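Structures incoming, each one as structure tokens.
Both of the next two complexes hold chain A, though its partner changes from chain B to chain C.
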Partner chain A sequence: MSNSSIEVIKLDGELDVARREEIRRTLSLPAADRPVLLDFSQVTYADSTAVAELLRFHSEAGAKGRTVAVVIGNRQFARLLQYAGLRDAFAVFDDRAAALTYLGARGS
Partner chain B sequence: MIGSSELRIACPADLSLVGSLRHALASFLEVFGLDRELIEDIVLASGEVLANAVEHGSASVDNGRVELLARSVGDGTLAVEIRDSGRFIERDRVAGRGFGLGIVRHIARSVEIDVREGTCVRMIFDPQAIP
Partner chain C sequence: MAPSARGVLPTASISIVLIALFVAAGFFTHGYVLTAATTSERLYTVRNDAARALKLQLDEETGIRGYAATRDRSFLDPYRAAARGRLESAFSRLGSDLATSRLAAAEPALADARATSARWNREVAAPTIAHPSQGAHRVEKRGKELMDDFRRDLDSIDGLLERRESLVSEELRAAIDRITVLVIVAGIVSSIVALLYARQQVRAAERIAAGERQAEAERRERALLQGAYEAEKHIADSLQTAFSQRPLPSLETLRFSASYVPATEETRLGGDWYDVLALHGDRVLFTIGDVTGHGIDAAVTMNRARQSFVSAALLDVDPGSVLARVNADMVAREDRLVTAVAGVADPATYEFVYAIAGHPPPVLAEPGRPPRFLECGSLPLGGIPEAQYSTRRLQSMPGATLVLYTDGAVEHSRDVIAGEALLLEAVEHAAEHPEVEAAAWIHREIFQGRSVGDDVAILTIGFSAEPTLGLVVSADSGRARLSGRVAPAGSDGTGDKAGPRGFALPRGLAS
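And now, the complex of A and B:
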């Protein structure tokens, strides 16, 4: 699957309450009916603000039948999802290649 | 073994300062020689309370302030207190927010919320017991 057939949304740095509006704006579902890759590989910290916005995005995507893969490279972010009871709520991958393979197999 | 030490910071209740408070707490915790994962978890729990204090506590009060106090306790645990001048609102009960206090309770050994004068959230962390 080529990268041009998916929508990539990327956030980096520290995702906390101070960036809520930016996170919300960035995590808006693209209009094109394509799978979505959320690239958080460069995120260095995340709190419940990020979790809530991720959950909202994922719910909106699911309602429209869109496939979403999430790349999380930071162990703190991964544990945060676990502590929030959401470890299995998303298709989470350690690296972009694995996420792209998943999206390719699932289609839109 | 955790030695005797204390960190105390008071500042305006400003969302842009929450990150700096987290970083200061992380630097303080590094002195105790805790491993990276434990520090991240304590900082995460404290960051959730700080965000709550700034956003829903002091932000509702003119010239609101937030105070962070972290100290070692004699039994080898760490205590973190976060005070603000506003009224405590549990974000987990605010539609669309959620998760914050649940995460704190998952990490901390105990959490006490005192609302007699402003809000003070006291957390005890046991480095031997953090998940």
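And now, the complex of A and C:
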């Protein structure tokens, strides 16, 4: 499994309404047809802004049949995704290694 | 006063340096003038003593000359031993004068003069006194030669003195010139410093004036902002009143309590709401929801979502269908995201039927069991048009209470796990006190009077613990219906997407 065959999108810190534009820009589906890793391991807080953008990302990725894995390091964010039903929509992992393994297995 | 203090420091140090320069210049000038004066005085003494020596020598010469001409011994008075001693002492004084005046160059001339005087004494004066007859010729010839020599020696001393004097006066003039230049320079520098200082003072004054003007402008702006804030608060208050929660129904078989505390940080019109609408046969439709963000836009979206809920419930009261309709409506309007719970509570069957859209899970408190979170996990409203919301059915019991809340109730510390634990604890305590208003109790226990950063809405719906006589029949019939309905769905009754059928049209929705 090689990491270069995976698109990584990383967001850190507090994802709230103040960063809406930045989150929207960052969470855009990469053009290359490769599995995507959303690395939120360094996110410390998220509100429904992040959920809305993830929702949009999810439908976009779903429409193009792309494999997406999400790494969540914060319990509050994990809860929010759980409330939103996105925990089942995405493959969600606690750590990056597990997510990469998943993507590697799916991508090959 | 910081700006002027910044300016004063260099000005003060420049002034101190200038004063030090002046003092040093004064000191050196004074010393130099003093030295020059002492030197002049000494030179004057030298000249005086030289003149005295010349006069004494001339007196002697005149005496000898007179004696040679007249043979009158009274002419020899100046030439007596005492007189000669005076000339000797005059020479000695002149010698020491030259030494103290550092006129060593004149010492050979003095020695010469002394020698000439002694020679004159030996070769002219003494033979003339001894042999006056040849005195006149000797005095005229040899005496004149020697006296000329003597004069020349004293003249050369005098010349040296003059040179020295002119040197001293030149140095004095140069010193005066230097002092003059120094004074002029110091004057110019002082003027520049004074000008700079004055400019600094003027600028400091200007800065202070500008600061005051700015402070005044800021005061005015604050007053304007305060006015705008008051106006917005007024609008917010009006809207809050207009959008305020509808009164809770009053029923024998169901107990309601609600608490709504908007964010206290600033004037924030909440995006949270709850509603309880009475349906047919003591059943109620309840909703709780939260619009993304704050402010008037959020409040408007919230109001629209509430209206949409009512409209959707009029068509079909099944909670999953209600959420799906509201979702379609909000997606079409490209509204903000909304999280919500919609449900029906039926006191006849002790059944809760509900559906969740991205909202934190309700808490169920049943007698004899610790409170627990219900299952959740579905998309918020207004995200994607094809979102599905499953209706979940929950068979409960008399005395059970369902607690619905918005995320402010668990996310107050940003540690949602701790927040959830605190909520469960508060619900448990509230359940132990059926006489209290549960929602207010829970809010109080969670926040302990702390200010709230987010809107917090809490709604509780509880079945009466003891069924009243009038309800026994309907309760029994409810159970009868229940047994037929719950069995296929399982004990927790989740996953029944078909939704309850046979709901009558809602009654009293407009109330």
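Methods note: the second predicted complex is superposed on the first by the 106 of 108 C-alpha atoms of A that agree within 3 Å, B and C clash if a C-alpha of one lies under 4 Å from a C-alpha of the other, contacts with A are read in each partner's own complex, and residues count from 1 in each chain.
Rule of thumb we're sticking to: a contact is a pair of C-beta atoms (placed from the backbone, for glycine too) under 8 Å apart; a residue touches a chain by one contact, two chains touch by 3 or more.
A quick note: this is a predicted structure, and the numbers were derived from the prediction, not measured.
Participant: Which partner does A:S59 reach: the first (chain B), the second (chain C), both, or neither?
Facilitator: Second partner only.
Participant: Of the two partner chains, chain B (first) and chain C (second), which one does A:R75 touch, if any: first, second, both, or neither?
Facilitator: In the superposition, A:R75 contacts both chain B and chain C.
Participant: Contact-wise, after the overlay, does A:R87 reach chain B, chain C, both or neither (first, second, both, neither)?
Facilitator: second
Participant: According to the stated criteria, A:V51 is in contact with first (chain B), second (chain C), both, or neither; which is it?
Facilitator: The answer is both, since A:V51 touches chain B and chain C.
Participant: Quick check on the superposed pair: does A:A18 touch chain B, chain C, both, or neither? Answer first, second, both or neither.
Facilitator: first
Participant: Which residues of chain A are in contact with chain B in one complex and with chain C in the other?
Facilitator: Dual-contact residues (chain A): 17, 45, 47-49, 51-52, 56, 75-76, 79-80, 83-85.
Participant: In the complex formed with chain A, which residues of chain C make contact?
Facilitator: Contact set of chain C toward chain A: 290, 292-293, 337, 339, 356, 358-361, 376-380, 383-384, 411, 414-417, 420.
Participant: Per the contact definition, I'd like the list of chain B residues that touch chain A in the complex.
Facilitator: Touching chain A from chain B are residues 15-16, 18-19, 22, 37, 40-41, 44, 47-48, 51, 54-55, 91, 96-100, 102-103, 106-107, 131.
Participant: Enumerate the contact residues on chain A facing chain C in the complex.
Facilitator: Residue list for chain A touching chain C: 17, 44-45, 47-49, 51-52, 55-56, 59, 75-76, 79-80, 82-88.
Participant: Which residues of chain A touch chain B once you look at their complex with the stated criterion?
Facilitator: 14, 16-18, 45, 47-49, 51-52, 56, 75-76, 79-80, 83-85
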